[in-house]
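Once you scroll down, you'll see the structures, which are given as structure tokens.
Below are two complexes that have chain A in common, paired first with chain B and then with chain C.
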Partner chain A sequence: MLVLQGIVDGILAGALYALMGSGLTLVFGVMEVINFAQGIIVVLGAYFTYTFASHLGVDPFVTLLLTIPIMFTLGYAVYMLLLRPIKRDRVIMSLLVMYATAVVIEGVLDLIFGGTLVEVTASYGTSSVHLGSLDFPNVYLLAFGLSAVLLAALYWILYHTKFGRSLRATTQNLTAAKLVGINVDHVSALTLGIGVGLGAAGGMLFGMTTPFNAASSYDLISRLLVIVILGGFGSVWGAGVAAIVMLVIEDVVAVVWSPVWGQTIFYLVLALVLMFRPQGLFGRRLARAQ
Partner chain B sequence: MAVAEAAPELLSPAEIDRAFRDPFSPSKRTKATSWIVLLAVLTAFPLVFTNPAVTSIGVFTMFFLLAVVGWNIFSGYSGYISIGHAVYYGFGQYTVALLIMHLGITSGVSELAIVPLAGLAGAAVAVPVGLLVLRVRRHTFIVLTIAVMFIFQLLAFNFPSITGGSTGLNVTPPPWSGNDYNLPFYYIALGTAAIGLLTSWAVRRSKFGLGLLAIRDDEDRAKGLGIKVTRAKLIALVLSAFFVGIAGGLYAIFIGQVFPQFAFTPFYDLYLAVFAFVGGLGTLSGPVFGALLLGPLQQYFELQFGATTLYLIIYGVLFVVILLALPRGIVPSLADRYRTFLASRWRRAEERRGVEGSGVTAGSMIASAPGAAPAERGGS
Partner chain C sequence: MKSRQLIGRLWATGPRRRGAVLATAAAVAAMAAPALGAGTAAAHVVRRDALHGVVTIGASVSLSGDFSATGKTTEQGYQAFQTWANEHGGILGHKVVFKFLSDGSSPTQVTTDYQKLITVTHVNFLVGPYSTLLTKPASEVANRYHMALVEGIGGGPSVFEAGLHNVFDVSASAVYQGISFAKWVAKVYKPQPVAYAAITTPFNEPIVTGIKNYLDSKGFTTAVYKVYPLETADFTPIASAIAATHAKIVAIGSQPPDGEGLIKDFVSSGYNPTVLFEVSGPDQGTGFVKAVGKQNTTGVMWPNTWYPGANEGVVNTEMEKILEKEIHVKSVSLLSANMAEAFSAAQTLREAVDHIKSLTNAKLIAYMHSSKAKFTSVQGPVCFKSTGQNACATPFVFQWQHSKQLQVLPSTAAGSSKVMNPKPKWGQSKY
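Take a look at the complex of A and B:
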């Protein structure tokens, strides 16, 4: 029964990680940028929700109406100001620039909020739905629901809009996309905006399920990176499946053994998988990786 | 670097160097003199500026210098950017702390005598880590090195019986004070950095080093040409980890404490990569300039604003500005400027003499100068 509860916890939390990871993998697919700042972006989103919810006294979900546009604009601006000028060694240079940006955001958040752990609270936050002996916390159910809705919206944007087609074209072949007249910079900036917006939405849910401070970003980003590697870089669906698989493994280990080892197993699974499938679970092998 | 295609038969590295010699690069003698002058300045520095606060900044800068030079041997030459060298740094720290604790060493001299073992420990752990992470390339490699670093941090937290967990380990500091405390660390780090630089130079000039550069430019082709790529990368990583491990060992004794979150820290990874990038990745002198410029700045900001996270903001902004302003690094950018300057002066001199249409034109001279067509890395 413990194992079953672990699986349920893992699936519910996995959907949340899928949401946060989708932004990361989408951005990589389009512009080969490893957004190391995604962890702190999630935390920033959580702090926005925390501030709006406590000052305006509204439901955390309503704050998304403010948070997502703000974060989208931030993502767009970061691309235009910091990533567009990079011409050489794109993968590593953009990683270092985003890393430094993450450090700046972390410093600002720490300066404003201090290191104390905070949590976003809601009236329905502490109760849960019982089904037999299984326990479904309300917050996680809502998180699962919102993640599903946002990922469905992302799917719709990717496959049913003109922008989505431009985005997929850019993912497939940047030069060819330019040649057929796609404004690649605009598409990339919008993609980073969407990625950061999704991260911030994930942040709201993260803030409701976990106490956090600015330093939580490191644990987050390392998990998200593992999920994105396992899912195969650039594959949103791969990241989704990897998120759920990894969180189920972690939560099952956590309930039958100990939470500390759950986290370690998370990384050991990564090491094991890469020994047999270096391209990740769903990634294509790069023919010429240089 | 189309070396292998251009060479009709196998040339020795020295012959290749002659064939591809840059007509505008400084002579060997100038280079050797500059290195000796730099070494002399660094040796004299703590004897001139005897304020312990200044020399301790010097000590940290030397630690960085040592580690960045080591980092460059692997990442600079092979093009595999590691953002996970804190693994070897942390391993060096724990090795020294545990040995000192369990062997009951108290005298400062014997504590420092243990430091080479920290390097060996770093090198030893680089073998299994390398066998895992070197299975993947490019972005996956970069991200995997970060992930491996976090694994080690977690392990350090999760084995409190060995590592002391989050309470960390204490290292009895050597019983010296003031400048006497700083100087041994300073000179040991400087000496090891010099050895590291010599190693780096030897690697750069060897066939092994050419293999690494070939891997950087096109790994599949390098493999096709018969370079044992995995072995070459692994040897470079082990060499590189040795020096970073020593930096960790020295740091542990100097600070007197080892904590998981400071031994295996993502910041250290960032520092090494940024210092090397700012100086000039894959060049001999680049990491030296990067560490000597940014190391003291990092220490200064941390001392000045370390009470709050303001220093993180300042440092992050500084990094972004430098990375965007000097994307190729200081050494390659300046070397290019210098070559352009020499070439244009040479052309003006030619024009004054009225030499037109001679065998070598200024144009062909510039075009043949490697600065005009720098060895591009293969990455997009």
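Take a look at the complex of A and C:
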């Protein structure tokens, strides 16, 4: 039964990590930019939720009406102001730019909030649904639900809208996309906006499940990068599957054996997968043609 | 004043005399340097700041990384001491100035920081960083330059196992911190399964191991013992494994944020242990209350040598007032224990330096090791074993009771309140 609880915990927490990682993989898929700031963006989203929820007295989910547009705008602005001007060595330079962005955001958050750990609270956040001997914490169930809805919405945008077609075209061949008249800069800026906006939603859920401060971003980004590597850079669904695989392995090993071995076993699985599929579970084998 | 008048008189007597005065002064300075410095190549230089009426104290603090929350409170404790000391005559009449460097919670960076504080900043004295993990490398650097490292937040066994002669911990050491709790459990409860978990840091894990060993010797059994790495972000499986045992007694070697995260998971799953002991997290005052909600604080216990409102005399009250004013907490009871631990380290250093009337680290180390060296800190009495551990500290246990932090163990100690036992169910206590 403990194993079953570990699987439940892993799937629920995995959905949350899938949401947080989806922005990272989407941005890489379109722009080949490793958004090193995704960890601090999630934490920024958590702080926005914490601030709005505590000052306006509204439910954390309601704050998404404010935080997603704010974070979307931030992402759009970061692309237009910081990434678009990069003309040479784009991959390396954009990595440095996003790292610098992360450091600046962390510094500002530290200045405003200090190092004290905070948490987003809600009345329903401390209870669970019990099924037999299994516990389904409300917060994680809601996180699972929101992740599923947002990832489904992302799928719909990617595959059923004109913007989605432009985005996928840009992902497949940047030069060809430009040749057929797609405004690649606009698509890229919107993509970073969406990625950062998803970070706002992930941040709200992260803040509801974990006490956090600005430094929490370091552990987050390392886990998100691992998820995206396992899933395959650029694959949103890969990130989803990888997040759930990672969390289920870690949680099952943690409950039946030891949390120390949970991460070790996961990294062994990751190494094995990469030996046979260096591009990750759902990644593309060849580099994008330029 | 007399020496200044003498030099003035010699100076006034002509160029040849002036040359002699300068040569003599240079020679005296050269001879006096080892005495004023720390006795090393870098420290043989006369401490410039001290000659200008300033005593500098160096510390590395974790303002980012895993210890950023507690690193900040450590820095605030030192800053409060600086304010307090300068209001009370400084050190040997010199103004106290702290020099901080940030280490990002990294043992590598902390090594660089202390090296820089000694050889570049030329601080007079050193106080410790946050955590055993960082204190150990810091003490090794200080030892290399024959400087004392007085600290209050690095009491894990590994710091003292190195056999260094220069490290002094003013708090109760880790191995003793859980003993009062373990003795109380063995006295109040019949032998039964106990659930343990601990983060793999050199401070937290030994405390839980010490409790476990004591309770094992009294017939208690281990329901579960989960050791987890520092970078753990998802505490649900650990909480699930503990909850599945239905153990009434739980002891966790936690530090922020895992202590808070585990409580949140316990609350969420409806698991209500009768006794919950966490090494660190509950001691973080406002940080703890914000993270778990004040309705879930009552009954949680933790070990320490200080708590807000402790009856430790005038200095303690003054320190609390300074901290209250500087960090704008709503109530003194919400101050973090790290602040007092840091303050105590600097306070003990000041007392020792004032006693030896010298800025020489070699003299300081010798005096602090002597049997007659006894100090009074905001955490209580301080005296050192040959290892540098505080032999006079009482390993207190504190408990949150209705939004207040109270000293509860040892029950015979002055100022101890009654332990709230059993712990009320989550959210059901008056706060």
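Heads up, the rule we're going with is that the second predicted complex is superposed on the first by the 275 of 290 C-alpha atoms of A that agree within 3 Å, B and C clash if a C-alpha of one lies under 4 Å from a C-alpha of the other, contacts with A are read in each partner's own complex, and residues count from 1 in each chain.
The definition used in the following text is that a residue touches a chain if its C-beta (ideal position, glycine included) is under 8 Å from a C-beta of that chain, and two chains touch if they have at least 3 such contacts.
What you see is a predicted model, and the numbers here were worked out from it, not measured in a lab.
Look at chain A after the overlay: chain B and chain C clash there. Look at A:185: by the touch rule set out above, it reaches neither chain B nor chain C.
When the two structures are aligned on the shared chain, A:106 is found in touch with chain B and with chain C. In the superposed pair of complexes, A:274 makes contact with chain B only, with no contact to chain C.
By the document's definition of touching, of the two partners only chain C reaches A:119; chain B does not. After overlaying the two complexes on the shared chain, residue contacts for A:228 are found with chain B alone; chain C is out of touch. In the superposition on chain A, contact of A:93 is made with chain B only, not with chain C. When both structures are laid over each other on chain A, chain C collides with chain B only at 256-264; the other stretches in 130-138, 184-192, 202-210 or 256-264 stay clear.
Overlaid on A, the two complexes show chain B and chain C touching the same residues of chain A, namely 106, 110, 214, 218-219, 222, 260, 263.
Residue ranges of chain C in contact with chain A, taken from their complex: 63-66, 68-73, 105, 200, 226-229, 231-234, 236-238, 240-241, 243-244, 256-257, 260-261, 264-265, 267-270, 284, 286-287, 290-293, 296, 426-427. Interface residues of chain A, counted against chain B in their complex, comprise 28, 32, 34, 82, 85-93, 95-97, 99-104, 106-108, 110-111, 214, 218-219, 222, 225-226, 228-229, 233, 260-261, 263-264, 267-268, 270-271, 274-275, 278-280, 286, 288-290. Those residues of chain A that touch chain C in the shared complex are 1-2, 5-6, 9-10, 13, 106, 110, 114-119, 121, 125-128, 130, 135, 137-140, 209-216, 218-220, 222-223, 247, 250-252, 254-255, 258-260, 262-263.
Residue ranges on chain B touching chain A, taken from their complex, read 81, 83, 132, 135-140, 142-144, 146-148, 150-151, 154-155, 157-158, 217-220, 266-267, 270, 273-274, 277, 308-313, 315-317, 319-320, 323-324, 327-328, 377-380.
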